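Structure in structure tokens, see below.
Chain IDs A, B, C, D, E and F follow the sequence of writing; residue 1 opens each chain.
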Amino acid sequence: MSRLDEFTNYRQRMNDRILEIDNLGIKRFFNLDTAAYKDSALDAKTKELLGLTASMVLRCNDCIDYHIIQCVEAGWKDEELYEAFNVALVVGGSIVIPHLRHAVETLDLCREQAQS
Amino acid sequence: MSRLDEFTNYRQRMNDRILEIDNLGIKRFFNLDTAAYKDSALDAKTKELLGLTASMVLRCNDCIDYHIIQCVEAGWKDEELYEAFNVALVVGGSIVIPHLRHAVETLDLCREQAQS
Amino acid sequence: MSRLDEFTNYRQRMNDRILEIDNLGIKRFFNLDTAAYKDSALDAKTKELLGLTASMVLRCNDCIDYHIIQCVEAGWKDEELYEAFNVALVVGGSIVIPHLRHAVETLDLCREQAQS
Amino acid sequence: MSRLDEFTNYRQRMNDRILEIDNLGIKRFFNLDTAAYKDSALDAKTKELLGLTASMVLRCNDCIDYHIIQCVEAGWKDEELYEAFNVALVVGGSIVIPHLRHAVETLDLCREQAQS
Amino acid sequence: MSRLDEFTNYRQRMNDRILEIDNLGIKRFFNLDTAAYKDSALDAKTKELLGLTASMVLRCNDCIDYHIIQCVEAGWKDEELYEAFNVALVVGGSIVIPHLRHAVETLDLCREQAQS
Amino acid sequence: MSRLDEFTNYRQRMNDRILEIDNLGIKRFFNLDTAAYKDSALDAKTKELLGLTASMVLRCNDCIDYHIIQCVEAGWKDEELYEAFNVALVVGGSIVIPHLRHAVETLDLCREQAQS
């Protein structure tokens, strides 16, 4: 199983477990989180790129993986994503580089998976 | 003098002083920072919105002010900016709220200044 | 006008302005934020102390001020709050010290105001 | 060996190694850290919940694991811990979600281990 | 009164107030903090530069001011400090720039004060 | 293969892949990052210690590993590095402890490797 599949499976399994817990606040937060990336005054495609850039400067690999998958589905091209990576790198500094390596690897994995 | 003018003046004065220092690394970083927001595979308008969202989740008021001014100049409308604020709020949590207050105030000041 | 009154007034004015904006996501986030500190499996008093400690390690003075006011209203005593400050200081390190100074000053202001 | 046992073993082994190094500052910091969670004006049980919430908003899985183990030993119930998780989620935002997944998994592991 | 004097006075006044509180944990932390910058296997001069760089990447103006004053007293020259600023800028990214402006201003104020 | 070799290999492989991407901004950032640690008004040895301390307070294990390898090559002794670890611990707090464990392990691995 690829690293991306492992991540997606674990994420799904634990999100299901969290909903099972049935904490009202947490459930409402999850709904709010989903709603934030829907088409509105800003289109969903642009919002996903915002989510990706925010995840990179905050240095969260799981969040980066999730938003790269969404960005690829939304139709962003590699060269466009590299430019978003660059903005995150300049804003967040060299401490972002390990997450840039992770992001580039994830993007490559997404493209490979799409071809197979 | 408005809060925005004070910020812009101080920023300009200190940036000039920093360039006067003539440290090669710092000067090259400033150039890199400017270049990151130019039209390329991603247009400058989208990049400014990325910069704004990154500034909000990293909770830097000066960076927020700078990018709001740029976003307004780039043509983003209030409703679109509010949606970017919302993404930043959901990603970064309630700790972002004081910076959301600042951002909304700055955006209002920008619009007032444009009208006068 | 005291520093605390200035903060409370500004906070109220900008929160009103934010609700006026009428962005659905932001409004729902504000409701979620309020709900998180209500009595539930954990009592409101304990939750406010969690909010205060989180605000200190994340180094947000406005959030610290807000939660100290709430903690004082909820009935926490100075010695108890100092112990929470200490946990925040140990977890977050000396970078928290400027916010500890702010927190102690705010707490003193709250007590003075209550006496006058 | 379970993930929790692996963590506990590694933590113990490296803490022993760190004490062996015999750096006075580091040793005193470790003592201060231990002392911060002892009964005082605030009881140890409440302090552990503060430590857990601080660890979640600062997004440190090892610290989360450590404090969940302590919170379970101190007698906090699942529903109470979920409410602390919710405060951390609202304060820290969606960037905390991967750590919420980790925290829920760790708590489930603690309960399973207690039953076996 | 200059900005530096105001900072130093406020810092002293609140540190005195914090010691008056007489919380054992907090007092021991303050002692530990002071001890960390004393001559040992590393000299105090080098340690102050470490403290300054850490303060810049963590983006704390009060900490920056404190460590710049110490660095100037320890004998670091402007060109050396600019190189430390550059390391902090590269590690921490453009989000550090507002704090770089603050740091350069503080350093200039220190030099002026020394001449008068 | 040791943990350090795995890290170094992955780092090299992904850095090569990133340069292959040929994004001008990212390439220039990598050059700037390399240049920041060269001898200048501050010697390279001191700068590596700044980079290490910054990496610890920002809590990035990959960055810590990289700078420890560089610090060992630059000639820093264990006792000196422990003092830098202590500064990072005091500045950054107990949230740094998991990264202190990692750093001590990495340093031990570096010394073992040098002996074999």
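One rule holds for everything that comes next: a residue touches a chain if its C-beta (ideal position, glycine included) is under 8 Å from a C-beta of that chain, and two chains touch if they have at least 3 such contacts.
All values derive from a computational prediction rather than experimental measurement.
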Where chain B and chain E overlap in contact partners, by chain label: A, C, D, F
Chain D against chain B, contact positions shared by both copies (same if over half, else different): same
Greatest separation from chain E - chain, by CA centre: A
A-F, B-D or E-F - pair sharing over half of the B-E contact pairs: A-F
Gap in Å, rounded to a whole number, between the CA centres of chain E and chain A: 37
CA centroid of chain A to CA centroid of chain B, Å: 23
Centroid spacing, where centroids are CA-atom means, of chain B and chain F in whole angstrom: 31
Residues within chain E bordering two or more other chains: 25, 29, 32-33, 36, 54-55, 57-58, 63, 79, 82-83, 86, 89-92, 94-95
Chain contact topology (line, ring, star, complete or other): complete
Contact set on chain A toward chain D in their complex: 10-11, 14-15, 17-18, 21, 23, 25-26, 29, 33, 54-55, 58, 60, 62-63
Partner chain C, residues of chain B touching it in the complex: 59, 78-79, 82-83, 85-86, 89-90, 94-95, 97-98, 100-101, 104-105, 108
Touching residues (chain side chain B, partner chain A) in the complex: 32-33, 36-37, 40-42, 46-47, 49-51, 53-55, 57-58, 63, 77, 79-80, 82-84, 86-88, 90-92
For the chain C and chain A complex, residues of the former touching the latter: 24-25, 28-29, 32, 35-36
Footprint of chain A on chain E - complex, ascending: 57, 89-96
